[in-house]
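In the two complexes below, chain A is the common chain; its partner is chain B in one and chain C in the other.
This part shows the complex of A and B:
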């Protein structure tokens, strides 16, 4: 674009052409979707394929096939593992997008920040946080591990874990800052980069488990072939736990990354990452 | 009309009120808090409908996390919306 000399009329024609194409594509797509929609089964139709084939299979065979008593976990992490991979990737991409937009350059330094140790810090908040945070973090891991048997799983556990990290940041200040003078409160928690690494490891572990199933002769994310034991349901249970742990890492890392990019990252003008990027540019 | 219906109608009414108030108020911190109220009521509603997994997620994400993110964003961008 920069190499071509500017043409008086051509410079306007291309956007206009694009606009006309866009205006034509939208009704076409809309009509196509409406026509396609009429072919779908009625909402809630008991005779639809989903109700006659899929739901009974999930309900009747789910626990025996996947080893997960909680049907939601069986569907999310095993039968519909591909969907969940997409969801985890979307969450990760959203975190990356926030990081790129908010923590890179142009941040204002004159605004107050939500890492409020100097604004809201008090002995009550401090004591409450010391008591609550370990419970929250432990409960997050419990929710992750117990997702097979009760409501919960990697996603909820990850959000709880990230919330515990955020709670520490809200009361004690950012993890990257030096300790408050005269305070014995240690700065604790993940740095911005640590959150990013955690989320990336989660996504990679998810894909890795799927690829491992392929390497042992199965399909992507079809865990039955993994060499984890002789009982297929037990193998699937273990692999599902691995998937949930991967989602846990992704969501926990992204949650704390989101908070960091909004508070610390913007204040520091992207220092945790920008300090490396600066000299290279 | 059973007792369950009355509870549902009450819940949905308070949800509507909190959502409308969140849109109407000019103070963004108040709006974030009202949105948190709305999320917790939604989670309760999901639990009543027999979907504890979804209720759990809604309580974590909507009630806690989103509210925190809104509050920290309000701190960055200014508290009032005019």
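This part shows the complex of A and C:
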């Protein structure tokens, strides 16, 4: 594509034989996988091991035990709550890692922050974003709250919430740029610090609900003992909603944190957006 | 079986891309393809003939044969979000690599590291 730059010394390709062998390894992997898969149970077989162990319990007892008609939510936030805590922690750690990678060492904090150089502001985008963003953010909360009865929950809602925030960043500039003085552009925007706080509060709330269950005499994340009512299924339903809300905060905060650190990091590290780079690699 | 073969093809494509493509950003995209393959495989394991989505409707006691297995769905739900954040972390690393070495090409990077 385009002009061919002089190839730098040492950039020659690997020997032909090695390339051919390397490329042949992956069709072979595909064939091996397909041969192995012939041993799997038939697609859609109701009597397969995956469908006869553990899952009948989730399907037949789940709604009565946890109060969630959506069995995925019941498994996610109640039966496998400990696993989901780990997942949320992984997501939070990825956000923190990105922040540490991009904010340490070479990042030049003294550069003037002059708005995202590559924001896509125009009158059409501005008007569309003003209309869309509140709807997206509200829908995110709906997806979170309705996760007990329909597809949805903390992860999906959190990602929607984060993408609503990202849509504003793309049109109005980065989180660290203050709203232009005198403009009436509404900013639902979250600062980088705000995203970090949101994600941390989510994780802490998750652990807090688990510890509260312990304090009232149950096991960690076994919500049945929480003093939220007399019907155990209803207590679990409320605690599960709390867990989903905690996941929502963690995921929403982390998604926005990742976008902010990467966009600010690219500017501060002098990495151009788009095709300023010339040589095709 | 077709679904399994599709997942296998995506997986081989993803791994192959990670190994063979010279550009680190493309390697990252190939890794995403590989993650999607795993997700397709797990979700297809959850499928049961004659069953519906694992959300309880009105009335009646639920029978295991009527609903798909919710467990793989749960696992993949979290896996998708973990894939998104690991991609974000990798992009952060790529920004630093690009800023320090001025390239994302694997061979040129290796030359500069020497």
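Just so it is clear, the second predicted complex is superposed on the first by the 190 of 281 C-alpha atoms of A that agree within 3 Å, B and C clash if a C-alpha of one lies under 4 Å from a C-alpha of the other, contacts with A are read in each partner's own complex, and residues count from 1 in each chain.
One rule holds in what follows: contacts are C-beta pairs under 8 Å (C-beta built on N, C-alpha and C of every residue); 3 or more make two chains touch, one makes a residue touch a chain.
Remember, predicted model here, so these are calculated numbers, not experimental data.
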| item | value |
| --- | --- |
| First, second, both or neither for A:210, with chain B first and chain C second | neither |
| First (chain B), second (chain C), both or neither touched by A:72 | both |
| Per-residue contact with chain A, leading partner among chain C and chain B | C |
| Chain B versus chain C as contact partner of A:170, first or second or both or neither | first |
| First (chain B), second (chain C), both or neither touched by A:160 | first |
| Touched partner set for A:97, first chain B, second chain C, both or neither | second |
| Chain B versus chain C as contact partner of A:254, first or second or both or neither | second |
| Partner chain in contact with A:262 - chain B first, chain C second, else both or neither | both |
| Which superposed partner A:43 touches (first chain B, second chain C, both, neither) | second |
| First, second, both or neither for A:84, with chain B first and chain C second | second |
| Interface residues of chain A shared between complexes with chain B and chain C | 70, 72, 151, 153, 155-156, 159, 255, 258-259, 262, 266 |
| Parts of chain A lying in touch with chain C, wherever the complex brings them together | 8-13, 22-23, 25-27, 29-30, 33-34, 37-38, 40, 42-46, 48, 50-51, 54-56, 58-60, 62-63, 69-72, 74-76, 80, 83-84, 87, 90-91, 94-95, 97-98, 101-102, 106, 149-151, 153, 155-156, 158-159, 251, 254-255, 258-259, 261-262, 265-266, 269-271, 281 |
| Chain A-facing residues of chain B, complex | 52-53, 55-57, 60-61, 64-65, 68-69, 71-73, 75-77 |
| In the complex, chain A residues that touch chain B | 70, 72, 111-114, 143, 151-153, 155-156, 159-160, 162-163, 166, 170, 255, 258-259, 262-263, 266 |
| Interfacial residue positions of chain C with respect to chain A in the complex | 1-5, 8-9, 11-13, 15-16, 19-20, 22-23, 44-51, 53-57, 61-67, 69-74, 77-78, 80-82, 84-86, 88-89, 91-93, 95-96, 98-100, 103-105, 107-108, 111 |
